[in-house]
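When the chains are written out, they are named A, B, C, D, E, F, G and H in that same order, and each has its own residue count from 1.
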Amino acid sequence: MAERIMMKGNEAFAEGAIKAGCHFFFGYPITPQNEIPEYMSRRMPEVGGTFIQAESEVSAINMVYGAGGAGARAMTSSSSPGVSLKQEGISYIAAAEVPCVIVNVARGGPGLGGLTPSQADYFQAVKGGGHGDYHMVVFAPASVQEIIDLMYEAFVTADKYRTPVMVLADGLLGQMMEPVVLRDWEDLQIPEKPWATTGMVSGKPQSVINSLGLAPEELENLNLRLQKKYRTIEENGVRYEEDGVEDAELIIVAYGTSARVSKSAIAKARAEGKKVGLFRPITLWPFPSKRLAELAEAGKRFMAVEMSAGQMIEDVKLAVNGKTEVEFYGRYNGAIPSVTEVYQAIIKSFDNREVQK
Amino acid sequence: MKQVFGYPESLQTRPNHYCPGCTHGIIHRLVAEAIDELQVREKAIAVAPVGCAVLAYNYFNCDAQQAAHGRAPAVATGIKRALPDRIVFTYQGDGDLASIGMAEIVHAANRGENITVIFVNNAIYGMTGGQMAPTTLPGQKTTTSPYGRDTATTGYPIQVCEMLSTLKAPAFIARVSVHDPKNVLKAKEAIKKAFEYQVNGKGFTLVEVLSTCPTNWGMTPVEALKWLENNMIPAFPLGTFRSLEEVSK
Amino acid sequence: MAKVTFNEERCKGCEICVSVCPKQIIHMADRFNSKGYRPAEVIEQDKCIGCAFCARMCPDVVIEVYK
Amino acid sequence: MTLEAIFAGFGGQGVMLIGQLLAYAGMYEGKQVSWFPSYGPEMRGGTANCSVVVSDEPVGSPVISEPNLLVAMNRPSLEKFEPMVKSGGMLFYNSSLIHITPKRTDIEVIPIPANDIAAELGNAKVANMVVMGAILKKTGIVDLETVISVLKKTMTGNKAKLIALNQQALEKGMELVG
Amino acid sequence: MAERIMMKGNEAFAEGAIKAGCHFFFGYPITPQNEIPEYMSRRMPEVGGTFIQAESEVSAINMVYGAGGAGARAMTSSSSPGVSLKQEGISYIAAAEVPCVIVNVARGGPGLGGLTPSQADYFQAVKGGGHGDYHMVVFAPASVQEIIDLMYEAFVTADKYRTPVMVLADGLLGQMMEPVVLRDWEDLQIPEKPWATTGMVSGKPQSVINSLGLAPEELENLNLRLQKKYRTIEENGVRYEEDGVEDAELIIVAYGTSARVSKSAIAKARAEGKKVGLFRPITLWPFPSKRLAELAEAGKRFMAVEMSAGQMIEDVKLAVNGKTEVEFYGRYNGAIPSVTEVYQAIIKSFDNREVQK
Amino acid sequence: MKQVFGYPESLQTRPNHYCPGCTHGIIHRLVAEAIDELQVREKAIAVAPVGCAVLAYNYFNCDAQQAAHGRAPAVATGIKRALPDRIVFTYQGDGDLASIGMAEIVHAANRGENITVIFVNNAIYGMTGGQMAPTTLPGQKTTTSPYGRDTATTGYPIQVCEMLSTLKAPAFIARVSVHDPKNVLKAKEAIKKAFEYQVNGKGFTLVEVLSTCPTNWGMTPVEALKWLENNMIPAFPLGTFRSLEEVSK
Amino acid sequence: MTLEAIFAGFGGQGVMLIGQLLAYAGMYEGKQVSWFPSYGPEMRGGTANCSVVVSDEPVGSPVISEPNLLVAMNRPSLEKFEPMVKSGGMLFYNSSLIHITPKRTDIEVIPIPANDIAAELGNAKVANMVVMGAILKKTGIVDLETVISVLKKTMTGNKAKLIALNQQALEKGMELVG
Amino acid sequence: MAKVTFNEERCKGCEICVSVCPKQIIHMADRFNSKGYRPAEVIEQDKCIGCAFCARMCPDVVIEVYK
């Protein structure tokens, strides 16, 4: 086994990006992700890359647009209020089909909120916080190792589909340390980008990065193209993890930190003979709706566990489409649900079931 | 007979969409001429603003990105950092640069980004139909200052060159006008110098070009040129505000 | 001896060239181009001194100057 | 076995550090570990704490709601976290600074005069290491040697000369509960 | 009948606000809503109010936050990209519970997009384009008269619940002219706002407008309070219009311009004996889910008609919860569906149904 | 014996959360004293920034709104326009005002909003843990300039007073310091003058106060005061940059 | 009866204006009306158009996909909109400027030499009113008096002196198709 | 005759007052306050000249001065 080293989640976002060939970071400080720009400011000069502390999140996302449009692997990172400021830029990037990666280490909201971990930016990430019909691919890691691995996936996916990719985590994942194995990606190769604005050198035709469609047809065509791409990604890009769903009566659907907490709670409930499993979406968009629909078809009940007032649960319900029940356990921003609480929610669900029977 | 004035290579042959007599067209040509003369067309990457020049990529014969309103300097920063040997320039109106994009221009200038900014000041929002700009003159009527710009509640025209010249990093800052042939020549020189600075890696350069908007000023193109001369130049004095050479002199 | 040519189809009839010509030889034609503008033209070509004022001021790069 | 520990104290008392030390040692012994700090302005002036899990199984939640080990280096930490300790768990508290006694009777309560011993050793900063020593001895979760090797890896340059002192403190702590 | 005057939708937003007692407008130009700030710049001085052209949309929304927090009826207006820039501010306003009104005269996206009407900002408006668990009340007028009436409703609702309210329209509604009846609201009275920051004059206790909850409990409490408020609004604030749903087999669900187009299309289909009705949500949040659920229970099929790739349809599906079918007809940004197209979609739906039978 | 130095009424008695020796505390007191002396506490409305002073509403004994990062001048504009006879002030750090909030401060100043801005320049981002600010000195190490601020890629400290003084509307702009008792007195005078201007409806006023951040500078509070004196003052010269009185003189 | 009309032409030809005029007149006659313009940069230089609905029923869609009346003041407008006209509808086109003939045979095609007549009246600007007159006569959708009263309401001050000219143009148009 | 009083519980032990006292009569006490800081105190009260330098520089409004 390769050497394990201890790493903070935020550092893993940064080192994971560098290992994925990202040499351009543009960001603005905000807790709880400050270790990302800080790490980048140290490391980028070492690898010949560029770190810029932008004057704001708005500026940072537009720098990413520029660098990404010029063919570079570029990224930014922020936390909830800062990500809200990036929404116009993200919509532009999606429309102009510029590959890039945006990390949101989310904190409690709304407003200035708090610094504690939160999953209340789910809607913003998957339904489009910006204007217009667009999507980002959204990855949700649940461990420091997975942060590293998904950062690589994120850059590959961004380039493959010419799309912005978000890696959405909560403050806990950014702040925690865990052992990880760092590796050099053997297939690390940044694809050719003939569309990039690298100059019309040696007869290359003009490249234009834009998102304007003044004529209605022009704009509708852009949107038709985007929607077609989204269908392709939905077809090929879904990722999830299952644990003990086969014999489960109740399936907890949770991502990121909630999934970790749920895992411990599930172990506890299983120990008492409760047939409960875990379904962990790794891509929040595209959402693993098909698989959830299958499981619903098989009669399984669901419980969404979120650090929010209930956002992902809508996608679970849309997938289940009324076939079985979908319950909810959540803490509203600011607090992390404890293993005990989730365990109790599971037990209560089974008890209610008994009563109903 | 020899051609002494022709069509620059760095300008696409497509006719522009600007209103009759709008000096955006002159400024486009000057930029293209400067790029031609410095032989950097193949290395040039333009950043188009949101404003009447939003379609600049249809006119400049080089690669281009279209930036969100006001963010062209940030986009140019991203491009230039990724491709330091390319010639990157933004082309921005006064609403774009001096209103919504104030933070971006100040900070790009302050970082000394090695880019060139062509700042077209026509004292109004052209594309959206003639609203007040930060550079609108006191008393000037616009669709959002229907009673004339009231300095008591909206302040005075912002002098961008003067403001950015309080920063240390910029290498070249100048204000020119295109209201007559002599000034067009001077404007051309300033624009070329700005690009030359960039080619030589000297850092941030900005040329503010006083421009007309006959449509939204409600004047004929020729009247508009006169109005520019008589009203804008007193409010926005022409000249070179920063030039590394002069600094070193 | 100098000569100016007008790419008439590009002309938007703004009359700026007319206003700057030191020899006052540019006039607006009576016809319309396909965009519906009356284009500028020079009638007394021989009076042209090739100063290129018109070309330099034309926002639509209509004019070429030969000398 | 799974150790779920919370280390809590004032900002300067080095609780984050011994938490990390434990996590690193666990990692080097091939265990699954996680470390999670309190962060943000909580830390400024106020108390700091971290949660450490050391286990043979993959770590589920890195957030600990029922620690089976608590280290309280000052009084506010004791008051805040004592009620959370799992029945049967252990509580180490810094009796040099905490002049009240824990109330729980269903857990093992181990007072450590950490600052006094550190003072004896001539450096108030190693109070945390004294407690760490006691934990090592009491739980056996990782070996002293591993901990010392971690110290050697991390304390380099100027700090290397402090390794011996830290080792002494660890050993003192082990003796205390020996 | 009171005198009918002809008015442009955008002017109606402005005059409607003034009639509703709004004396503070902060905005930034953007097509297709420029007539709103332009009208305000003329009218506000006449009524002793304030018009400020802010330096950006970001600044405008924060001016609204300030004026609203100080107790004034204040508003801003913009169009899609500009509204994206307001997302951080909106999240703050929702969290700080500052009443205000935000108008979005939406245009085609994503990115710079086009100037043509669009309904692709639905998600942004109702799911929270900003970070955190919050909602705005979202009104969707379908005529110029309704713009005027809903502007009044909007300010009343904002004050009543101390919440930001969005009035979401598309460019067509902003640009069209229709006869309207202007009236003075008899019950126009701005409520007392003891919480507003008006100075601690004559012993008033300190008012603080903020959204910070550094302690997790504090933030969770803020969120619990917000969620409770949202439940109340969901209970009392739903508005919709129905037309011919009783005997309908198929119900078109559409709002704003889509609803108008659908109405004409439905008339055409009805003339041919197709039993089709219209359900028009007037509040997009809270969404009239209960009523839709009832109609689904009664066996009716649905078709969402939107000027987007399908956004509101998710809320329709969530309401219907698998009980009956939900179809979709949409044009993707840039184009307005024609009466003929919607009519054909209706006919096709009935035909398919026949085939299935 | 008479009390010659006591606790200002405009300051709540609650202890502040600032780090030991952080001069935010001094500046808070000076603002409170100025408000007391002008007897405008009941009319005062504070706008707190995002930064270490985010909880300013817990300290100032007046109504307050907490603004999004950088947007305090816009929020203050909204309040002041709604309540023109109230005394509205913002209290902002250098990240808040000179980085993300650059557009807002320039435009509030340019509109001549009748508000007072207390601009606390400590050359670093305090609250988030010591990242580089636009006012960080060349070569200064911060958590995002670990090798020292590199002027070639990040430019030079922005001199906000100098920059805003290129605008016509502002009524009073001054830079002061609080590194010793004499300067604290001067700072107090400037702050009071700024509020006085506002009371008299003179327009936009801003006082930049050079401040310390012992925690993130990695110094003792006393060392930090010395560092401020020796390093910041040369980069940010003290003085009055704009004063309507002087202008009229 | 429901009139669904599209008025199209170059920017300066006053198509928006006669569209509004029709809508206003409809309103004053107690009908349901709507007016919807093309907007944005489309208008700059290019062609402009507006859709007007005048009806006894509430107006459903203000966007017209199948106009039963088309006014084409220039050739691009004719080419763009002719195919959309509803079978049985009417097409008025400015035969002064449009030198092709419409192709549709299932609609009534009415050429109006609008510019020529306006020139005869001494002011090119009233070409639009000539067409308007023809429409009034052909459709009877609103009365001439109503239209003139709208003109009187809107053309005040300096413009008042142009009312007579406009009325003349309207009448000329009516005569044309009389 | 002058006097300074310290609101000890507010003191954060920053030592700024110590550094600015022209009479050098302020010292850090040996005890801790409840926040864990060693508070400043004046021992030779009679040497105080009431200049209020300490109070003016104290970031935590710990000190009051009487004269």
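Operating definition for what follows: a contact is a pair of C-beta atoms (placed from the backbone, for glycine too) under 8 Å apart; a residue touches a chain by one contact, two chains touch by 3 or more.
Here the structure is a predicted model, which is why all the values come from computation and not from measurement.
By count of C-beta pairs in contact, F-H exceeds the other of the chain pairs F-H and A-F.
With centres computed as the average of Cα coordinates, no chain lies farther from subunit F than G. Centroid distances built from C-alpha atoms place C farthest away from subunit A.
One finds 29 Å separating the Cα centroids of subunit A and subunit E.
Centre to centre, using the average C-alpha position, subunit A and subunit H are separated by 53 Å.
Subunit A and subunit B have CA centres that are 40 Å apart. Taking each chain's centre as the average of its CA atoms, subunit B and subunit D sit 62 Å apart. Counting partner chains per residue, subunit D has residues 40-42, 45 touching two or more of them. Among the residues of subunit F, those touching two or more other chains are numbered 19, 54, 66, 68, 99-100, 102-103, 106-107, 111, 127, 134, 153-154. Interface of subunit B with subunit F (complex): residues 99-103, 106-107, 110-112, 134, 151-156, 158-159, 162-163, 165-169. By the touch criterion given at the top, residues 28-31, 34, 37-38, 41-42, 45, 51-53, 55-57, 81, 112 of subunit E touch subunit B in their complex. Subunit B meets subunit E in the complex at residues 50, 54, 66, 68-70, 95, 99-100, 102, 125, 127-129, 131-132, 134, 143-147, 153-154.
For subunit F in complex with subunit H, the touching residues are 1-8, 11, 15-16, 18-26, 29, 178, 180-181, 184-185, 214, 220-222, 225. The touching residues of subunit A, counted against subunit D in their complex, run 4, 6, 31-32, 114-116, 171-172, 175-179, 257, 260-261, 263-265, 267, 336, 338-341.
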